[in-house]
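For reference, chains read A, B, C and D in written order, and residue numbers begin at 1 within each chain.
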Amino acid sequence: MTNPIRVTIWNEGWHEKNEERIRAVYPQGIHAAIAEGLDDPRIEVQTATFFDPDLGLTDEVLASTDVLFWWGHVVHRDVPDELVNRIQARVLDGMGLVVLHSGHHSKIFQRLMGTSCNLSWREHEGGERERVWCLDPAHPVAEGCPEFIEIPRSEMYGEPFDIPQPDRLVFVSWVEGGEVFRSGCCYHRGRGRIFYFSPGHEAFPIYYQPEIRRVLTNAALWCAPLHESGVRLVNRHRPEPLSPIAAGPGA
Amino acid sequence: MTNPIRVTIWNEGWHEKNEERIRAVYPQGIHAAIAEGLDDPRIEVQTATFFDPDLGLTDEVLASTDVLFWWGHVVHRDVPDELVNRIQARVLDGMGLVVLHSGHHSKIFQRLMGTSCNLSWREHEGGERERVWCLDPAHPVAEGCPEFIEIPRSEMYGEPFDIPQPDRLVFVSWVEGGEVFRSGCCYHRGRGRIFYFSPGHEAFPIYYQPEIRRVLTNAALWCAPLHESGVRLVNRHRPEPLSPIAAGPGA
Amino acid sequence: MTNPIRVTIWNEGWHEKNEERIRAVYPQGIHAAIAEGLDDPRIEVQTATFFDPDLGLTDEVLASTDVLFWWGHVVHRDVPDELVNRIQARVLDGMGLVVLHSGHHSKIFQRLMGTSCNLSWREHEGGERERVWCLDPAHPVAEGCPEFIEIPRSEMYGEPFDIPQPDRLVFVSWVEGGEVFRSGCCYHRGRGRIFYFSPGHEAFPIYYQPEIRRVLTNAALWCAPLHESGVRLVNRHRPEPLSPIAAGPGA
Amino acid sequence: MTNPIRVTIWNEGWHEKNEERIRAVYPQGIHAAIAEGLDDPRIEVQTATFFDPDLGLTDEVLASTDVLFWWGHVVHRDVPDELVNRIQARVLDGMGLVVLHSGHHSKIFQRLMGTSCNLSWREHEGGERERVWCLDPAHPVAEGCPEFIEIPRSEMYGEPFDIPQPDRLVFVSWVEGGEVFRSGCCYHRGRGRIFYFSPGHEAFPIYYQPEIRRVLTNAALWCAPLHESGVRLVNRHRPEPLSPIAAGPGA
């Protein structure tokens, strides 16, 4: 594991740029609030947005990123396919990926899941209460979590959520208006680890909550590649057998 | 479940068309040998190949297909993306998919898995012995299977295989030259079921073996959509809460 | 699969025998209400209770049972270990098991799970609303289910639930008082299938609800052994190798 | 995580005590060879055997053990149930457990799996070659592993192996005589982590191989409880709702 872990937080940044009410919540951008929350000596953070040259994600940036955070919503379709290809390749080779909230419909998440990632949703005026229940308190991403994290004002995301069954399901949310949602899901794809975490609607100050920041910090640590050693998942031609092959039935 | 189950076997057909030694093994094409093997009153079969108009997979064909079999190798990259999109959408809406042998590198399998699907391989002159061990003898796709299926001459496929961990791992193969391989893997994606089965190299008469035909028949039955009832996995806006939402903290 | 499927519904029967308020809800016993709900020509039902000789579960009964339903609560510790041994052996050999509600703490469920099966709970005067959300609408046990099943009055069961991660998680419940719970969980153990379904508190008429009866009927069909063919999961000595073993390094 | 991790290696010790040919391979006992292999500054090792008072596993020992290794074979049935109860409780509360080779039939492994853990086996005169293939090279227990670990002389363990499907399947073995086996399996039960690793027949010097020792060291690190914080998986009565409950339908 690199020391410290190099995290790149990507945020599209559209809402903060175009909507006064969102800028009021996140004046420096959602990415800045997330970065501030990853305040841990084991982590080193940089940020990038949709409006940066090359969306801030050049080959050099990706190559030196251990864990990529992804917050997107409005411009999903404008993220170039070739960038999605490069991110996917890096994840399969070991880079961690933390997908947040409306990132469920990002190209990169759909690509890695293979499904539509559709869900139910409701944006209630003023928000509604959400309780993020921890099903697996011994899991690394749940370190330091209470029984549940209470979010006073949230947007509803509800089941059915069209994802492959998670490798580990860590959080399930209760929402005031009557739904449930798999809000914290762990996946392994190739050599990489992926964590999807649903809380984080742009209109509410969720990324300032200490418990949410704790989960994001845990997620960065859990998603970081453990080791560079070992075999790559490449296509491998092995013309010589390891053990002798008898002359075939036709011999 | 429709009765009978409507299976469409898609085979690229390139080898049989271009290579005499393959045509000698499968004079009517690999698809014809597979179709012959699905000899069960509960199943109704049609076939299609890369060389048919629209690759034989129009919207009408897909809409009336309960389970699609896929054998491809040489022309993976020539299958149009829009067809891959349509197949993926049908699988997520409930169509079963049976991916065979070198189909591991097909666009549709990579799309649904989200990974590279890379593996190790060796084509030994005359082939080598493979034993397909059944790990889960009570599983529907293993009905009627012995402890292992012996294939006298096979191509080696070996680990590591870059796939998401299967939802159920039914078969693992031993190969004479020294490797192992997850040769029978079950997945659920959206409302659809997917079965990957690795035996079936074009140069060997594997699809004529009764035990292999039994597995393929089982796979068709298992992958068929069980029921059309119930909820679709669409994006769903539910503006009205199901339970009352208290006035928020800002109220 | 036997035709029809032979279901045995085991209910301890203590509450109905000893408490007037429960007898008012289930005058013939919980088992009778469940049996009435499995009204399907593919299913044949018998019942047994704790107060029957041998608890109604002789070797003959178990041997002729395809799927055993289990409702227990007060007398868990009084079920003899030797009976638990026999049920476990039958499940591992293919008998299905449907564990209901407070059966989470039964010896047989703990035995098959390997965990404590602890959870949180609350019995609110008059009950509280529960919505059983379906996460996997294409799953066999969800056939015919709406988006969610609403139970007007229920007892709260909440996370964390100390179970192995389910092989398939089909239902998650929302409860009015603020919790979530994995209410419909599928497992495979040995050759057998297990379904845990949490709704069914004795004080409320839940087993009369048509949607709940539909799930129980689906569960009976899904848990039934698919086929008797194939290999048993016995300890197997195979002194003769299948392929030749070279003289060892010490030779 | 405690620092260093406190590992207790339990070995029944019967073979070394009673059979000259085994003593020749492991003169200090299998436990001593394993202990020697866990040569890592992050790990602190103690050992215990069946012949120690209380089998060496008093409450004090278990309470100060982060990861328990278990090698047993001949005296499985003589391990007291009350000790098995105590070990299970510790695992569910977070202690790691590494079960080795013939430990597949130990009471504690069967207890935690809920299945028979039966398998096929063959003890070939002089042993046979085994290749332990790594399916998941990025997994913590595979750190530093090559594509496969070659064991020149081993005892055959083969499928079907009657275990719940592993949460992560890291190793699958090829054996010279023709079988395959899931040789490295990860489980989560309660707050604890379990790793089963099959290589290690008493008659062959397998625990002296550096690659095997590397896997065991990795396993100790992976199984160690990550954090003591967070919720315990106890039975929890929460009489007061978190959110208001409306007066019921009967009100």
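By our rule, contacts are C-beta pairs under 8 Å (C-beta built on N, C-alpha and C of every residue); 3 or more make two chains touch, one makes a residue touch a chain.
Just so we're clear, the structure is a prediction, and the values are computed from it rather than from any experiment.
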Other chains in touch with both chain C and chain D: A, B
Shared chain contacts [chain A and chain D, defined touch]: B, C
Far-end chain from chain C, centres as C-alpha averages: A
Copies chain A and chain B touch via same or different residues, half shared test: same
Chain B and chain C: spacing of chain centres that average the CA atoms, whole Å: 32
Distance from chain B to chain A - Cα centre to Cα centre, in angstrom: 29
Whole-Å gap between the CA centroids of chain B and chain D: 35
Of all residues in chain D, the ones touching two or more other chains: 129, 131, 134, 136-137, 147, 158, 160, 165, 167-168, 176, 178-179, 188, 190, 231, 233, 242-243
Touching residues (chain side chain D, partner chain C) in the complex: 88, 92, 111-116, 118-122, 124, 126-129, 152-153, 156, 158, 160, 162, 164-165, 167, 176-179, 187-190, 231, 233-243, 245-251
Chain D-facing residues of chain A, complex: 94, 129, 131, 134, 136-138, 140, 142-147, 167-168, 176, 188, 190-192, 225-227, 229-233, 242-243
Chain C residues touching chain A - in the complex, by the definition given at the top: 131, 133-137, 147, 158-161, 165, 168-169, 172-175, 178-180, 182
